[in-house]
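Quick heads-up: structures coming right below.
The two complexes that follow have chain A in common; it is paired with chain B in the first and with chain C in the second.
Right after this comes the complex of A and B.
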């Protein structure tokens, strides 16, 4: 029997039907929702109609989007039909839970068509409109689109902008916004100028309400998130896991150096430091001249009965558990302790709060940092527990519209490696599985 | 340094300014918010202007609320002024965090006055309007008011209803709803017909967004929540805490009897069973013919290094901890384990989900059940960890507009008492502190 947490308690299948003119951040929102739900182990997928349309019309000009262009209309009809067919197959064949239909869905007629198909297939439709009349926001989005959309690859930026504005104008002629009175029987959310105003209608299921709450918390102000493990601890030196030990002399050196590293990376930006409740993260933060908050949710994965043991001792004392953990590290729950999945669930409010906040520096622990990093970098569950995140390294994340940029800053203070590869009880060794991971590179130069 | 969780991360002070005609559930919402935040240790208080007004006009008739009645208007002005003065003093003197100003606040002029006062005192105002045009809902609320409001104590129900409708009509003449365009610079939430539609404007802080999410999840459909501890376990017999043991023979008897107890209490209602991930709750639920879900968040308070010990062993091994726990049981965190506060934080999503759901039976553990019960019954933190909740007893909660009704159903299957009073390591003994608690009565007849 599965263990329920922030999850699909009601066994529903949901189609989030995006609604909005071009350059309203629909794809940004769609991708964020998929990333968030996937991280929570809720099977979700985005069906981007633009990608289907590009198969028939790779790089159309604005007139293609004129509602009176009949030939183009057929290609666009075909694209949306294909996307919806694939979506329905995905629900049926792959037990999908949340699909996002990422398209303008700009007319009531189109939306009614999607609605009918959803209802016929026992899928709950939730319309999510991004509506925007803030010109600065729109222009910023257009700048993003013209540099990132395959439609404008290699096109002169000014030409692309002019064409794109014309495309938007073509959509505007037929666009019908969701209407509080006329659409009162639908489940819908209207985001007005990002989340300056939000209108929520008939959102009745748990999972839908989670999605809505998440979307409400998104912002697009530029900011950084820094991640660091605590400095090397006494337990690290002794190869023990868990516990609540102090920093080693080298760990204290890292704590001393950290303010300088942060200042170099952050400049004059103000930021807030989040630590766990454990001594080693607080000692690491002790010289940082910023506001500090402690979060219990940032405490290290609880190793239960294995807390305070070395991997060798665990292998000796609980050989079957040791093997079981290697075989499915994400799901394995230490006796009396936690699994990676458990950690993800308790980190959910942290992620929500991170989405709301601006500059944050998080000083935490190996497993917790893996989970947070996995969220921002979309690392799959099979890989995230095996990522190597070295000590004495400051990681800077810069969330952007379609990806998160990573910078790694090494403190040049030696530390033991606490990385344990699959199938060994030795720390500090990498193994071939780990090397294969695309995400292993964040410490490729720190291995011994 | 405090440990942050679902909390007031930004150190704000918030005034939730209720807006709405009479009989729109404003007091219901206000009380729910205060109960929820208090349970999360966020200091909050409701200032009900009606209570202040009753000091000058204990039982006025409808004409008192006619906007042209100048003398009455003065009394009403005085009441709201007094309420606001008290509220400001509470913020200043008692470090209040969230105040609810529970009044109609029906005109823009009145709201601007509150807004100005808040801003002058560095308090963030959030307007929360309950707007309703669903006559059934209004009539149900009127029925509640005329039976519960001190204004109509002892008045014939029909007379009370007629007078109350007239009072509403008087308010309607001057009522100005919050307006998406005109009030766009305010932080506000409009709840339309409970939460059928919700409009959220400029909600920017974490704590405000938590309040909004909570309010969105409230419903008023009648339903029951049943709570039960697992049946007596092997560890219970051995006086050990924690662990993951199976049920004792008497515990299994309770599991066998439970379907009958539930059926007698629930009738033909459908319900869902929630258990923890521990064996003893699942064994207790094994004969229940309903859908079952397991929640990690319902696992027992983690006793860390003391897991599997008896209280006597704990007292012997960690005498200082044993004493510290008795002195502040809510805050005491077992070494490597949890405090009651930690349990409340991880139960927060459970409470949120309980607010959304209809009939639910929760089979869980002593400390967890205390926390859930404390939420519904508004038990203060000093008392909740000392409540005695006996084994082999089904508790039925019936949430109503202004209180939760409790029914206790004993299974008549003997079990050990696991209750440990303050200052003793013996279980099964009550002490004088505990007897004093108003909430101890839920098992007053089960003590040995």
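Right after this comes the complex of A and C.
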């Protein structure tokens, strides 16, 4: 009997069919939706037709996208067919729930073709159009595309911009926007100039409405999110989990140093500090000169009967549980307590709020940070509960259109390690553990 | 998960027995037996129309501000626009319920209520009948209309200026461009943003349903059905001729709400999060046919917070009785609501056959093989323990028809759906077992986890007073917001459960929620718009099933006794 994150999705399969000219943020929206749903354990995947097209035409110029170019049209046709076939196979073989077909899907004919294929396979299509006539916005998107798209690798930026504008013009020739009258029987959403005007037609399930609400809350203003664990606590020193203890002397030292670290990283930006309701996060935040908000949802994973024990004690008292948790750490729910999945469910409103906010500093706990970090960095469930997030380290995330950039700032104040690897009750990071578990954090860090 | 299902903590020689939280939790349960407390009478009525006090704080409110306004949104006036019979009152009441719960100081102003008051104070026969037109033709009609509308607007201004109001909802026709422009000007001058929500209905079934409902309203007590209908249709007709639908040219911020949420158009969305939330709410709001039922879970032996126990024998008896009762109540209500139906099996020709490919087995009488508990949860209607309704027939018809949206089983979207929600605890889920065995959809929702009692888990109130005198004092002062060390407050619980409220709004059929008393209090508190001080002392016993039914102006509660050994 599964526990549902959002309403029952049994027998429900949705294909979000993106619609829109190039440089309208379709890929950005697609990736965000996949990230959000995957994080909620709803199996989802994005099928980007551009990637399929590049197999046949790696770096085409603008003429390639002229609708009258028959040769090229065949290659494009082939790409979309290939993407749709893979998508259908994914639904069938991997029990997919939400697929995103990321392509321009600019003609009604193409959309009807997708619609028919979906329905024949018992998949409900939801068309999601991003329409924009705000030139500044389009140019900003183009700037992003020419720096990140493989189509323009090594091309002079000005040449790339000119070519891309021509490509858009070619699409405009045949583009048919979704229409309230002609498409009234379809489930569709039109976002006009991000979300200044939104048309929502025949949204029939809770899951679809959640996707729409999420998309409506996205913004693309530049901003940072800082994450930190609380300073080292008394319980950390005693190797106990849970509890509501105060900071150790070294933890207090971290709290003293935190304002300086944040200022160096944030400059003059204004920000809001979010803490949990537990003493150790509030003590950590006590010297920060910013507005503060306490969230119950940021409290540490509840260890139930094991609260206040050391891992050694847990292994001794509940050997079966100790083993079960190591085997499936994401799903294991402490007796009378929580699992990682439970924490993700209670964090969902926090993520929604984070999406619409600007600069935020979150001071919280190991398990909660793992979950938040996993959302921004697309860390899979099997891995996220094993990530090492050391004490006395400030992490800065910079969400960008296509990826999140990470910077790690060490406070240079010693602290115990609270990391526990698989199959041991000892805390501390052996080299091999660290390399394996900290994969996500270290990797993206070095990329930066 | 744990291996043997339960653990006897008294046998443990745990070295951590003096860790405060752990020890506290293994003590006796702290929660007075609610059976001997009388039900709070104030909680029986829907509080959605009650005035809000000056220092009002609502169940789901995340924070409070000096000005009393939230979401950085300032003062907002929502103006309903639309012909009679377009569910404007339902929309304004539903939005009021939700935003009030979120902590926005909201009040709805129904012109029809003002008009009824005026009528009650005078001789009804002298009330000008052309009042009901947006442009009355007689002097009398015009002056009466002007008088009443002005009074409502004065009250709204007073609500903003004198009562720290943040959101006023104005429920009137407002079908003329000129009226809307006037409101926009008056209120934007007072630094209040104006958002119009226009309800448009083109679906003739929906209009018919609404007109039928209206002709049975308080306005037509003592009228014959025929006369009432004729009178109301006249109101509709005169206004339809005058109606100026909203267009972007008016340059107003508006949401067009077509056929009860079939389509939503958000225009000039500069309001940010609060309006996005309202749009999300409107996306999920459905006209409900079913009811929401609340029941406690069955009993277990030790009844500890931290133990995840199975039901004891009394608990199992209770669960059986509950299953029988709920199915009986639901079926009785459905039978009384539904129009006569063709019998599914004997009369299958009567079902319009739009799909030539409908597989044979869908039409044939039930076979025995399906009754195993392992079979698919979506059952053919004739096997369900629930009565067949028109919706189930329509579903049978559209299944497998590629030209239509396919029905989604199990998430409560259909009129005739029935879903049981339980917490993820063993005994709560166990209580739903007999529903599950009958092929009913049972969903475990971790958001239904009971209020976390923290350090005072499993303590008697006297024990709490002795051990945590300071905390106890604070708790007595504000039992809704006070959070014991390591515990959740009711407020925390409400915030955690918000996504479920939205899902509940979307479900059109029946829902049974089996949960801990704390969880039922919060859900009930939302549906009946209870105040914060009331919610922690609402009582739900194992002797009663609670039924909440929906109507446009208010929700109603019925209590049905549960009898078991």
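Quick note on the criterion: the second predicted complex is superposed on the first by the 428 of 448 C-alpha atoms of A that agree within 3 Å, B and C clash if a C-alpha of one lies under 4 Å from a C-alpha of the other, contacts with A are read in each partner's own complex, and residues count from 1 in each chain.
The definition used in the following text is that contacts are C-beta pairs under 8 Å (C-beta built on N, C-alpha and C of every residue); 3 or more make two chains touch, one makes a residue touch a chain.
The model shown is predicted, which means the values in this text are computed figures rather than measured ones.
Engineer: When the two structures are superposed on chain A, do chain B and chain C clash or fit side by side?
Structural biologist: Result for chain B and chain C: clash.
Engineer: Name the contact category of A:119: first (chain B only), second (chain C only), both, or neither.
Structural biologist: A:119 contacts chain C only, not chain B.
Engineer: Looking at the overlay, what does A:292 touch: chain B (first), chain C (second), both, or neither?
Structural biologist: So A:292 only meets chain B here.
Engineer: Once the shared chain is lined up, is A:213 touching chain B (first), chain C (second), both, or neither of them?
Structural biologist: After superposition on chain A, A:213 lies in contact with both partners, chain B and chain C.
Engineer: Once the two complexes are aligned on chain A, which partner has more residues of chain A within touching range, chain B or chain C?
Structural biologist: Of chain B and chain C, C contacts more residues of chain A.
Engineer: For A:202, is the partner it touches chain B (first), chain C (second), both, or none of the two (neither)?
Structural biologist: Once the two structures are laid over each other on A, A:202 reaches both partners.
Engineer: Please work out whether A:159 is in contact with chain B alone, chain C alone, both, or neither, and reply first, second, both or neither.
Structural biologist: Touch partners of A:159: none, neither chain B nor chain C.
Engineer: What stretch of chain C clashes with chain B when the complexes are fitted on chain A: 7-15, 151-159, 349-357 or 367-375?
Structural biologist: Given the superposition on chain A, chain C and chain B clash at 151-159.
Engineer: What part of chain A is shared between its chain B contacts and its chain C contacts?
Structural biologist: On chain A, the residues that contact chain B in one structure and chain C in the other are 1-4, 6, 9, 180, 184, 195-203, 206, 209, 213, 216-217, 242, 244, 277, 293, 296-297, 302, 307, 336, 342, 345-346, 349, 356.
Engineer: Could you list, by residue number, the parts of chain B that touch chain A in their complex?
Structural biologist: 1-6, 9, 180, 184, 195-203, 206, 209, 213, 216-217, 242, 244, 274, 277, 292-297, 302, 307, 336, 342, 345-346, 349, 353, 356
Engineer: Which residues of chain A touch chain C in their complex?
Structural biologist: 1-4, 6-12, 116, 119-120, 122, 124, 180, 184, 187, 195-206, 209, 212-213, 216-217, 240, 242-244, 277, 293, 296-297, 302, 304-305, 307-309, 313, 317-318, 320-321, 324, 332-333, 335-336, 341-342, 345-346, 348-349, 356
Engineer: Which stretch or stretches of chain C touch chain A in the complex?
Structural biologist: Going through chain C, the ones touching chain A are 1-3, 7, 9, 12, 14-16, 19-22, 25, 63, 261-270, 272-273, 276, 279-280, 283-284, 305-308, 377-378, 402-403, 405-406, 408-413, 419, 424, 429, 441-447, 449, 452, 483, 485-486, 488-489, 492, 495-496, 498-499, 502-503, 506.
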